[in-house]
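Chain lettering (A, B and C) follows the sequence in which the chains are written, and residue indices restart at 1 in each chain.
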Amino acid sequence: MTGALVLEGLSASYGPVRALDEVSFVVAEGSITAVLGANGAGKTTLLRTITGLVRATRGSAVYGGVDLVGQAPEEVVRLGVAHVPEGRGVIQELTVDENLRLGGSFRRDRQGTRATIDEVYAMFPALAERRRRSTNTLSGGERQMLAIGRALVAKPSVLLLDEPSLGLAPRVTTRIMALLRELVADKRLAVLLVEQNARSALSIADQAVVLGLGRVVLAGAAAEVAADESLRHHYLGY
Amino acid sequence: MLRHLSFALMAGIGCYALSVSVSDFANSQIATVALFTIAIAGLSMLTGGTGQLSLGHGALMAVGAYSYAELELHNPKVPLVVGLAVAAGATALAGCVLGVAAARLRGPYLAGVTLALGLATPQLADHYFNSDQGVPVNLTPPGSVQPDHWFAWITMLCALLTLVLLANLRKSRFHRSFTAVRDDEIAASLAGISVARTQIVAFVLSAACAGLAGGLLAIADLGATPGLFPLTLSIQLIAGMVIGGMGSLVGAVWGAALIVYIPIWLDDIVNSPSSTLAANLPQIVFGLLIIGVVLVAPSGLQGALRRGMAVINRRIGRSGAA
Amino acid sequence: MRLFVDYTLSGVSAGMVYAAVALGLVLIWRSTQILNFAQGAMAMLTTYVASTLLEHSFGYWAAFALALVAGLVLGAATERVLIRPVEGRSAIDAVIVAIGLLIFLEALAGAIWGSNPRAFPAPFKLVGYVIGGQPVEFTPFDLFIVLAVLLLMGLMLVLFRFTGVGLRMRASAFAPEVARLLGVRVNRMLTLGWALAAMAGALAGVFVAPKVFLSPTYMDSILIYGFTAAIVGGLESPVGSLVGGLGTGLILSYVGGYLGSSFQATGALVLLVVVLMVRPTGLFSRVQPRRV
């Protein structure tokens, strides 16, 4: 499956602490995999290791025939894997438009990039209104849209999202989740969605992976995980 | 404290033995090394200890030098100890002012201010204190002791005292607050440490050392003159601190020795005293050493020696067991 | 009154040179959070390169252009070889490396070219304009300096505001990690920042040399004044460098004129202290000062 992101035995450490321990699963093209678990379970580390901000000590993360492990982050995105980081990473000193342009700054085709940016504005009219303005005036939800839009300007095939619902009102979260579902359907993205808010993540996910202390403690179809009450109580807190 | 004192006593005896067994000229070199040790130890405690970089310690030495010289000029009978104490004290006051500024400024801004201070000081000294002739200083040794020997003993004694005091400081709670402030100011202040006060204390102590060294320098050069304190002096102190081993007291000794002796050794190696290469070779070497140390051996000479000793100890341990 | 006009005019011209030095310092500070104490020495070296070219019958403008190119190369090489290894480490480490480089470059220049001051030509006349029958302390060369630095600043502004490279450089400075996730080769941007900064320094070096003569240490005080200009302007913006440069140039010119040139360094010191006491992070900075 060339469209899939395949993780195999991925491990990483912060000094003596094993933050990731032999994580293996597959994110299929055109699907959403939710990565869940308590704080400190390694969810953010997982994403950071895939995109190379953290060096993997073992294992591989293969996409499109290329192992992402060992690549610098700026090269990983060129391979089609975009990462919307924790906290969104909206660059405050730049305007909305500059943030978006930055997302496509490594692309060679100016026209294509401009077209993609226009698509993003079409998707998010609120951003289009504010394109020349500083990002200070954006609400939390708008910032999340900007972060996602910026990642999309890179024309990725794999999208990694770190806690998009953080700090957002439930209504906004629902909108963002619905948006993700549409994107996946439209563009056949492979999405890896890290979420603290398990319920909303499970509502749109195809597959669920639960991490505990850096290891995969559970993996399966999202619907089953959502239906299993004792599981939810034990690992997901609801 | 006792351990430090006994160590210092042994070192003192060694120094005395060294002094009487070498020439007059060598004694004056030793004296220079000793006084630079004091200045570098103070700077090292400040930068290695609290992470504040001062590019103006040469200026602080100037304060000490001129204080001593002026005092002696107006009170010729003043005892040496008093004169040096005044030099250290006056500079400590200047250090207090700097410390207050340092507490309010972030790293690069403090560096800029101390840099400007380093540049301004010789000009000010020139203007206010008898321009380039400076203020003369006299040292009369007791009895029939050679002046160079006498001065060497004085400087070595001062250096040993300074090192002992700083070594004791290492063990005190001051040092813990220094390190806390250096590593993480916010955490330190959350832990109840007054960041400003810690930085000011560090500056005051560091300045006192520089002032003492400055006073001794004035004696060595028979006077305090602006030409003794160019910007390059401040830079040389940093060079000595870094190469010898930042934050290390023994490193200060190495650093001082290297500053004094590398030019001399290079002079001997390159035998054409008039070539521009010969004149500049010491600085070329210093520059490369500084860069090399930071890139490759951040704890300087002392750090490298310590690692070497550890390796040797392990080898001995192994062969002993075998 | 005439003195005042003279001091003002020469202050403007000197201030533009300080602004160019400040711009280099700000570029490097913004991108790598490092104070390049070797900025002046690097400019000195590129000016010696120009001087050597002139000795070998290169024309002034060719030597000028090649000095700027030498600056680009020297800046890029310095970042790549000396600064890259210490970029992640404590701020003091990089500062010390820069100081080491300063010592090394000045000694190297002394070894190669000797420390005797040598003359360096100016491309335009060094005779003051005549206004209202009286010559003033402002020459065609000064006018060229002002225009050239303004052009430099203008080009930098255009680069940063309107080009993709500039956008990537700003992103690398503001948020390096996020920038990397977006595909920006941050390391290359840092190298470019250093290259441009050294080029700005090279420009300053060539402008200063005709008036004070070329020697290994001739840029020392210019560095400090450029520093003052950068700090006064806030270490954060090219506009700040310009204003800081002009302000510093004017104030130092008045101090030097009315109080004596031996007080200029003191003037710089006082200026620094006054500005920083009022705004500990410089006039134009948006950074929060430390609270202790």
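Here is the rule we use: a contact is a pair of C-beta atoms (placed from the backbone, for glycine too) under 8 Å apart; a residue touches a chain by one contact, two chains touch by 3 or more.
Quantities reported herein were computed from a predicted structural model and do not represent experimental measurements.
A.B. asks: Give me the ID of the chain with the smallest distance between its Cα centroid and the all-protein Cα centroid.
C.D. replies: Most central by this criterion: C.
A.B. asks: Of the other chains, whose C-alpha centre is the longest way from the centre of chain B?
C.D. replies: Result for the farthest chain: A.
A.B. asks: How many Å are there between the centre of chain A and the centre of chain C, using C-alpha atoms for each centre?
C.D. replies: Roughly 43 Å, centre to centre.
A.B. asks: Quick one: chain B and chain C, Cα centre-to-centre, how many Å?
C.D. replies: 31
A.B. asks: Mind checking the centre-to-centre distance between chain A and chain B? Centres are C-alpha means, answer in whole Å.
C.D. replies: Distance between chain centres: 55 Å.
A.B. asks: Flag every residue of chain A that touches chain C in the complex, lowest number first.
C.D. replies: 51, 53, 72-74, 77-78, 82-83, 85, 89, 91-94, 98, 101-103, 105-106, 150, 154
A.B. asks: Which part of chain C faces chain B closely enough to touch in the complex?
C.D. replies: Interface residues on the chain C side: 29, 35, 37, 82, 85-86, 90-93, 95-97, 99-108, 110-115, 220-221, 224, 227-228, 230-231, 235, 260, 262-266, 268-269, 272-273, 276-277, 280-282, 289-290, 292.
A.B. asks: If you look only at chain B, which of its residues touch chain C in the complex?
C.D. replies: Listed in rising order, the residues of chain B that touch chain C are 47, 51, 53, 101, 103-109, 111-113, 115-117, 119-120, 123-124, 126-127, 185, 189, 194-196, 199, 231, 235, 238-239, 242, 276-277, 279-284, 286-291, 294-295, 298.
A.B. asks: Touching chain A in the complex: which residues of chain C?
C.D. replies: 164, 167-168, 170-171, 174-175, 177-186
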